[in-house]
Structures are given as structure tokens and as C-alpha cells.
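So that you can tell them apart, the chains are marked A, B, C and D in the order they are listed, and the count of residues begins at 1 in each.
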């Protein structure tokens, strides 16, 4: 890799410094903010102890951006927020200005460029998602496409604050779920044990690594055509796909057998209830590009029910805990089935060990 | 066993019938009760839809009773409750009378015979306990003695309703805990792996049974003095005592190494919170007959703190959940230590997987 | 009586003393066995070890019901060399009339020590202290009077019921009747244990679970209801007037586990569909609130205490069954038969049914028995994608 | 551009389209790689399979930071036969000025495809689409401007911080500064991965945890406070006047997880010792309530997603540390070094630290690192007696 004509000596600086990236009003009131309000969808007003206020205008982006797009955002920042902007952990862009008069014109401008303003307060914000066919080496779908399809149907919910509380979505292109737990998550679910590409395997795989990767010890060494290879005990295999990450010959992906599952109730904040992992509520949904209608439909139903039935401050999982899983399935039209009963390591702790019951 | 001169032919009747045991007013209003009140400690008043009322007077017993005692209770029943009485699941005796005028005289009589009236409503009721040295084949202590010692110190609490909610206690003479989960439980805790009595073993033990009984596979077959025997991997052994139940040669009991642990927060009712298992809060307390002062002291501290700090309707475990384990340990003067961190099958589910924190 | 200085300490203090009782009995009856058992107990108090070992005593045709105890120190204390216990099944709900009890006492004094435990934790009357050669006759005399042995060993066990409809406004089914029915149904398997391990019923007529069924029984039959809580508005008003809105909020609304109750204009409003039948608000306001009218049972399975796997609370398996008629009870018996068959086929030796379900899998258990999957069976759907479904 | 009918469908609809963006860029810059990558993506949309395989590209002296992608169908579509990603660490809190961003864009357009992901889930700027022989020079140009590569492989990873004190009234520590400090401290282990597996920091300045630290990071540094919530009484009054007592009860009091808030004469009373710093009441009443004055961090450990063990939320390991001075930050770095040493000694290959802690035991981990046992580390003490203590 080393190029002889190189003149620059690497500075291992780690993260970029942040001071110069902060708006002067932010720098002045750093750590001295007093409260915030949400004067309208997509706009936050933070007031400092000093009495200073800063307005934040938030807009959605496709995440898979381009230099052209980024330059356009820079133009907005130069015009309306003194050359400062930031991104949120959910791929939204934010412009901070102390000048309330800049807010409306900036919104106009952003919208006209196709960046929807919203994503703040009790709305559906942008989807945290992953690489998919665009870049990853183990994906079963294209997260960006699923997300675009989904957000087209949730455009109104992004731009309005009509939900009981914040709604976080995520989408992931394999069971590993780089997109993370969320109120509602769309994640690929493998449904078949891996088929082993024996030819490929002998070339690419460190055998003991693949064996070690399996959480249920379903992979065993074997010999195929005189060459050392692996075999999968299909009765044991739980279709987790971990082996595929260790060895590309453990072919877990398949155009028809890689499906989608929908998950709900993930919550990472500590507000009220403790953080909670999400639960599966639908599986075997087809991987149906370019618009994945079955997936967007399921997500839509869940959101419709939550919007109608959630009480103020209830996150999706908290809403379900109050109304009960039974009613959740009734109201969304999804179906609870026996495979949704946990059978993994701590399954017992998910049994209903009480007489608490819903009818 | 069969005796030749036997004339009676067994009737496999199962439980005794109950109709004739019910007070006539109970029979009349069976299934038609409307509400109850607790007019004074140890007395319940149940009112039926018909307008009938029945008064229950409840009193403590030693549980390890005698025919003399039982006959005395029968006398009371004949005099004051039309020859009907019942026992509660916690060894208290109950007399049911429709006549309110019988209540006070009956209480006087019971107390004069040494049966304390109480145990109803928000009090400490009798202790659910076990066989101990009196009868069991695997006990490390005498539950009846511990219970008598404890209840002597809780006499006032049995007879008064000064607790935030019901308090259920239990006491067991080995880790098996036939006494069950309770708000506060006193249970023997083995602290040392079993010593194997090899001589005895060859005579009494079905070896594979003992091996199979161990939950952590710490028992292995071996040969001692030319005879088949067993050995214990002491690094693995978790001192559960299960093997001792299967084989009396796996000597887990020891005058000094069998200790007591105190547990809190067991709850079986579904009221409010789901039923909950109890948590260990003290261990290594000595097995100190005839009065076990260290044990009664620890129980006393917990009750004092609960009585002072619990809110109406909070059971012990619910009180702790509100105030937090940290304060529980502070207020009782007990000490949380590293062994109280779960290390068994579902340990992970007991970690504090949140930023919820108490100072 | 020999001196028992340790035990004598337990005669002090206000709580009724079992030692005092034993002594009184021994002095009156002069039974040597009583002196022996006290001497052995005193010896245990001194040496901090127990001295009983098991054995096998039973009655004609039965395989269980007597807990056999031989002394390991009979050379030192010969009077209590045998000290067996007869487990006797009381009436459901532990109801007695004095005649029943007096007969029991008389027979027991004749054949045994006169020590009676009311009651054992599993629900038996325990007649403690009898010699092997008196067991059969004692049993026959008791059996004549309607008493039968309780369970022990790897079979059906004696059951417990709460007071239930006999004296409780919360009762949602006739647990005494079902108890009688069920234990008679399994009477043979109770007397002749031949399963993997013990199995216990407990019958609580409402979710307050006054028999601790959820933790102490493999088959916990708990009363419940399907429709809305019955509310008597004037009594609610009365309660609020008496106790105040702060108490309403802090003691009722704020303690409902699913936030099914809201404060509305100073009054309470129950969103019935959010209610999980926990009983709390009914307990606080028994005059004002009662269980709904469509009543029945829930069946929870797998409760047991600590041994080997750690304490296991029963899990809700059958959310609701009507339990009013003889047919309802028969249908229930059929279900339990199927459940036990499954356990017989799938369980291991010394494995309680809850352990079998955990090991084999709840889904597999439900499929095996043919019980419908119901979301009430779990607290939540799984949080991992690690399954292979039949698609 | 070749026809991409499947992708074109994703240009419809109101949400901004990445396809539209790519096309615009491709049309303007005429880079063949962009046409290639769109053709390959279209091919994936048709065949429902992915066609990238990994490899090993990096820059001088580093062992990670570039995600290498070779096309498996380069015979069909040669233009995107290489399509590597450079992971770049942004400023903590994802703050930018336009100058920084413009420089980044200009360099990237010169050497790479011009596709930028803002941001990857781990917090990197992802510059997607560059060929191997341009990587070093591109990096050098970026590095000159203060940018450095992010993490990949079995080492320290890039971190994420929430807005924190820059724009949030809830911030309890300076997470941006600690982020910078920590990632610089571990910069070498980030660039040269040599541990068992990856390890991630995330920095949320309060328990709202706007970076999802608890689930997505092995080392979740979450702001908290020790003393009582600061209450501004007049603002509380104002809130109640505006929203009513019903809302106070149903939206605040009734949602406090530990029932730390009571209704008292129509007002609210916080029992500070019952508060677990969940943030809820502060979120509802930001004008009236603020975190206490004695602020610092909690450290949670072991968060990760599903792979192998099922999702694992981080567990509270260090309940509180002050985090104000450079010394505080240094003390924290020392602690983390010890933690990672323990993991290095005790972990297995491809085992995240949370998995190691679960396998080895929390008690053993605490002892190993020398962290004090604290009841806050567990939700409850154990419910089984199955341990052998050193007495």
C-alpha cells in the first residue's frame, strides 16, 4: 500500500476537533442551557441561562448523500445559520441560528430543495439503517431502498407531531441488525440453514473459526470429495447467520428464503421504564424490491394503531405494555404465532409467570 | 405390610368431603359473599348479598400441635362457633360465627388458653415452616424452634395491624425450602461441598441417581478402596445439596458449615406487581439453637425498616422496589456483597441493564 | 421426662410453644415415644445435626402416604426408634366440624404419638409418630371415618384450596368442588406414585392466590374473570369522600400495574381492556368493586421451589376455562390427563413438569398437548430471531 | 447511464431519494464507477442477492479504517469492480462548519465517487466508493485537513456523542470533550486492531441516551447526577395551572417508574431518595425541573446487538464518577485501560466484552478489574442460593 512518493506524515488525530464547528452562540452558552420548546414541527428553541436563545431547524436527508447534496446543505447554512450545521444520530441535518427571523425562510428553502423539515418532538423521525446491497458483503436486501419506500408513506408523520411520543425506526439488511433496536424495526430474518458451498469453502474459510462462531454448535467438520469441509446439523441450526460472517461459503442468503421480520418495542432511553429490547411481531414477509409493500404495510398498521391508542409520553413498547400484547395484535391485524414464543437462552424469563391476563 | 386379620376394605376417597364441615350460614351464602371488613385485629366480617354476616376470629397455633390442643380448639368451636372451625394455609385457626356477640368472649377465651388472636389484615401472620430435626431426614436445623423464637419477638406484630400490608414469613431447614417463598424467609444455606461418606455410600446409594441429580455436573464416579464410589469437583460445586436428597452419603450438613440465609421480597399474589421470587440479603448467619438470636435480629431489622418506610399496600418487595435496594441495605444495616450477584442460569437478566441508579 | 434444657428455652416467650404442647401430652399420656422424640430433638439441638433416616412403610395396596422415619441414634435413645408420619388429606379449604376433628384425635391418640401438624405445607394433616406395625390398623380406622392418605413420592400430591366461595367475596369459581373432583380423579396416582416426579395442584379462587399456588404447585388453578370489573358507583364515591383524592391517586390509580385507571374529574375511570385482573383495586375497595360476571379459571403450570433450577413461578398456560358444571370439571380433567401424559413421555427422572417444559420448549409442550398458542402465555414475544419455523 | 427501472421506482414519492442523488452526481461528474455501482445495485434488485466481497485495503501504518469491496460480478459490470469505503471520524456531536464540509467534499470528489454517508451507525462519515490506488493519497489530503480514519476490525471503534452541552439543557457532563479525549487516547488501538473483537464507546450526556449507548456500545458513558432534582416551584405551579391536575397525575406522577412522586394537595412532591434519574419528569417539565448540581457519569458496559447471544443491553458498572477536569478524564481512561486488559486476558476470540462478563461472571469481572461491588450494578440480589462463598 505504501507509496514511495508520499510526502505527508500521518497525524493520528482521531476525531475531528469540535470547537470551531460550534456556532458562536452555542460556544458562549456551552453547558448553560436552561430549557427548550418546540414552537413548530422540525424546530427547537433552546433558551440559555443568559437569556440567549438558539433556534434549530431540522430536516430529513437520504443518508446516502452526495457531495452535491452536502454542498447544498452548506449553502443553506451559510445563508441562514452563520455557516454552522450539525447532523443528528438519525441522519437528520440541523441548522442552528439565534435569529428567529431566519427560521421560516430557511424552512421554505429546505423544502424547496426537497429536504422535508420535521423529525423533532412526537413524530416519526428518520430511519436508522444500514448498507445493504449497496456496499455490505453479507446483506440479504437493500436497507436504503426499504427506508425510502417506508418514509414515502410516513412523510406526513415526519412533518407533524401527532404521535404519543417520539417514534424511532430502524432497518437492517441481515439479522446482525447494524441498524439497532428501535420502536419499530424492519430486519432481515434468515429462514433456512446455510447451504455450504464446498468448493468455495476450501478456498476462503478458516474452518475452526466458522465452527467456533456457531452459538448452538451446529457446525461440524467433515470431508467432501476428499477435501476438509464443514456440515450443518439442520435440526440444531437456528438460522442466525453468524457463520456467514465468518465464512462466505456458509451461504445463508437466498432470493426467496431470506425474509423480513418486524420488531417492536425497542427502547434505549431510560425515561420512565427501563430500556427494553424489542419483540418480534411478524415474520416471513417477502423481500420484495423495489418497494417492499408488505413491509411498509405492516409498519403502517403498527403506527396507525399506536397513533390512535397511545397516551401522551407512551413509547410504542410502553403503549403495548399498557394495552397488552393481545390487543396489540388485534389492533394491528398481525398474528401471534408459536414461533414468537422465545426458545433461546433465557426463554423462561419471558414466560408469563403470573395470573395477569388480558381478554 | 398386609395384615391377614384385616376386615376393613379401603375406600380410596381422596380428600375428606367438605359440605358437612361448613357452617350453615356459610352453606347458605356459599359463593354469594359481597364484601368484607376487618373490624379489629384478628377478626374479619364478611357480608353476603343476602345481608347475612359472618365473623371470623383468627388465632395463632404452634402448628406442631397435639391432640390435647386440637381438642381445646374444638371446645372453643362448640361454645362459640356452632362446632365449626377451619385452618388457614399459614397454620392459623379460624372460628366462624354469625353472632357478633360471640366475638369478644371467644377472643378472651382463646387468649387465655395461649392462642394469640391476630394474623389478619396488615400484620405479620404465622410462619409457614417445615420439619427440621423433629422429623426430616435431611435437615440442618429445626424450623419449629426458629419459628417459635422469631414469633416471640413478633408477637405484637401478629396482634396489631401496623404494617403497610400483609407480611408473610417462612422458615426452612434446608436449601430445598419446603416453606416456600415469602416476604421474608429464613432458609438454611449450605456453605461447603458435601463430604462423601464412602463407606456408607456403597451401601445406600444408587450411584447414577446421585450423579444425575447434580445441576452442575460436579459429581463423578470414582473408585475408593477398590469400591465404586463418587467424588465431587469442589470448584464446580455450588453447595445446593441436591445430591444429599438422592444419596444420604453425600453429607452436606455440618454443625458449623450449615448456615442461615435471609431472603426478602417473595410475593405470590398477583396484586399490583407480578408475583416475584425473593432475593438473598444476608448469609453466613450461624445456626444457633435454641434461640437463633442472629436470625431473629436480622428479621427484626427488616421488619422495623419496612414498617417505618412502607407505604399503604406496598408488600416488602414492592417497598424495596420503590426505595431501592441501596436504601434497603442502608436502612436494615445489612450488607450487600459480591456473592449476592447472581451467577446462576439466568444471571444476566438480573444485571441492572439501565442507567436507573440510586444514590 | 428426661431433662431437655435446650428445648425448655422454647417454652419461654408469648408465642404458643410446641415444646410446651409436647410436654403436656407426654406427661398426660406417658407415651415413651414422646419422651424419646424429645430426647432426640434435644440431642439435635446440642449437636446441631439431624438423626432420622428414611425407609419404606405404607398401607395395603398403596405405595405412598406414610413418611418413614428410623432413628440413627436408637442405641442412645431407643424409645423413638420408629417415628413415622401419616399424611392425611383434609377437606378442601381446611374446613372442619368438631366431630370430624375429635374422631381424628381419638384414633390418633390410640395408635400414634398424639402429635398432629395442622397442616403440612402441601396441605396434609400430618399425624406424626407411629410405629410400623400400627400403621395399617390406624389407617383402617381413619379410612372408616372418611379420611384417606395424602401423597408422597413421584406421583400426584395432596392439594390446597383457599377458603374460596365458602367465605370470600373474591372467589371466581368453586375451588372446593374442583379440588375434591380433581384429587378423587387422580386418587390412584396419588396412592401409587409412578411418574417422573411429584406433581401438585393448588386451587386459589382468585388471583390474590391465597394458596401460593403459582410458586408451590405444578398445576395452579387460579380463579379469574373475562368481562369488566363490576363497579358500584355510589360505593366508589363514598370511598373517595372518606379517603380523599390523594389516597385515590397514591393508593389506587398509581398502583395499578398497567395504568388501567385514570383520574377523571376527581373520580376514577377503569379502562377495562387494560386491566390484567391483578385484584389490587378490588382489594382496596371491596365494597365498590367486584370481579366481573363471566368467571372461570386460569391454569398456570410449572411452579416449584428452588431445587436444581432455581425457583420457578408457574406460567400461564390456559388463560381461561369456564368452571361451573360437572362437564366443565370433566373437560378440565381430560386436559390435565393429556398434560401428564406428555410429561410422562417427555420428562426425565426427578424432573418437575415446569423443568420439562423449560428444557423441551414451551412451544413444543403446547404442540405436544394440543393447547392453543395464546399471547397470554408469554410476557412478551421473543427478542431474538433465533428460530427455524416451518413455513 | 444504463437503464435502472427498479431503482427508478425509488425516485418516486416525497421522501428525498438516494437514487435521485446518485443519478444527479453521475450525470454531472460522469464517473464510470457511479454508473457501475448503480448497475450492480439494479442487478441486486433483480436477483435479490448481494455481490460484494471483502478484502484488505488500508493506509500506511494503519490496520483498519477502509472497508474493502470487490465486485463478484465484475465480468458483468466492470466499472465498479472496486468500491471501497473510507470511514472518517467526524467531530464529537456531529458538529460542522461549512468550511470543513466543503473541504471534505472537494477532496472526496477528486479521489472517490462523491457518495457520502452522513453518518454510519457507529458514527463515521462514510466516503463510499474509491479504488485501492487512490486511497492513500485521498487519506493524506484529508488528514492534512484534520480528518482521520475511523475504526473497523477487532479494536477500538469510532464513537458517537449526543449534542450534549452544546445545545441541551439536560447535559450532565461535557461529553464532547470526553469523547475527543477518549478516542485520542485509544487512537492507536483504533487504527491497529488487535483485541478479541470490536469495542465501542458512546457518549450520552444524560439518561435520555440520545445516542442509544446502552444498546449499541460496549462502553456507554451516560450523564447523571447525585443530588436532588432542581425544582423551580413557580414553574411547576404554572405547568399545573396550564395542564391541570389530571394531566399531572396521568402524565407525570403515574409514569414515574419508582413512584417517587406523590400528589400532595393538588401539587407534586418528589421523594428524592426514590428517584432513579430516569429523566421523565424533567422531560415533561423542562422549565420547572433540572438535573441536580452534583453531576457526572455512569458507565454501562456490555451493550451490543443480537449476534450469537441475543441483544444485550449494557449493565451499570460504575454508578457515578465526576467528569469535570482533565484529571477526571484521565482517571476514567485508566479505568477503561484496566477493563480492556481484563477483557484481553479473559475474553475469547470474537467475544464482545459483555459476552465475556456474562460467561465469566459479573462478580469475577468486578474482582478482576478491581471495581467496588455496588448494589446499583444489579436489578436485584440473586434469587437462588447456588454459590460457594469464601467465608
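Going forward, a contact is a pair of C-beta atoms (placed from the backbone, for glycine too) under 8 Å apart; a residue touches a chain by one contact, two chains touch by 3 or more.
Everything numeric in this text was worked out from a predicted model, so none of it was measured.
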Graph distance between chain A and chain B, where chains that touch are linked: 1
Pair joined by more contacting C-beta pairs (A-C or B-C): B-C
Whole-Å separation of chain centres (CA-atom averages), chain B against chain D: 49
Between chain D and chain A, distance of the C-alpha-averaged centres to the nearest whole Å: 12
Residues of chain D whose C-beta touches two or more other chains: 207, 209, 214, 222, 250, 255, 257, 259, 277-278, 306, 310-311, 313, 383-386
For chain A, residues contacting two or more additional chains: 175, 215, 240, 270, 274-275, 277-278, 344, 346, 348, 353-356
Touch list for chain A against partner chain B, complex: 270, 274-275, 346, 348-349, 353-356
Chain D-facing residues of chain A, complex: 1-3, 6-8, 10-18, 20-22, 26, 30-31, 33-36, 46, 54, 56, 60-71, 73-74, 77-78, 83-89, 91, 93, 96, 114-116, 128, 130, 132-142, 144-145, 148-149, 151-152, 155, 158, 175-181, 209, 212-213, 215, 240, 242, 245-246, 248, 253-256, 258, 266, 268-275, 277-278, 287, 289-291, 311-313, 344-346
Complex contact set, residues of chain C against chain D: 245-246, 249-250, 253-255, 259, 262-265, 306, 310-311, 383-386
List of chain D residues in touch with chain B within their complex: 207, 209, 214, 222, 224, 226-227, 257-260, 273-278, 298, 300, 312-316, 319-320, 358, 361-363, 366-367, 373-389, 391
List of chain A residues in touch with chain C within their complex: 175, 187, 189-193, 215, 237-240, 261, 265, 277-281, 283-284, 321-327, 329, 336-344, 347-348, 350-359
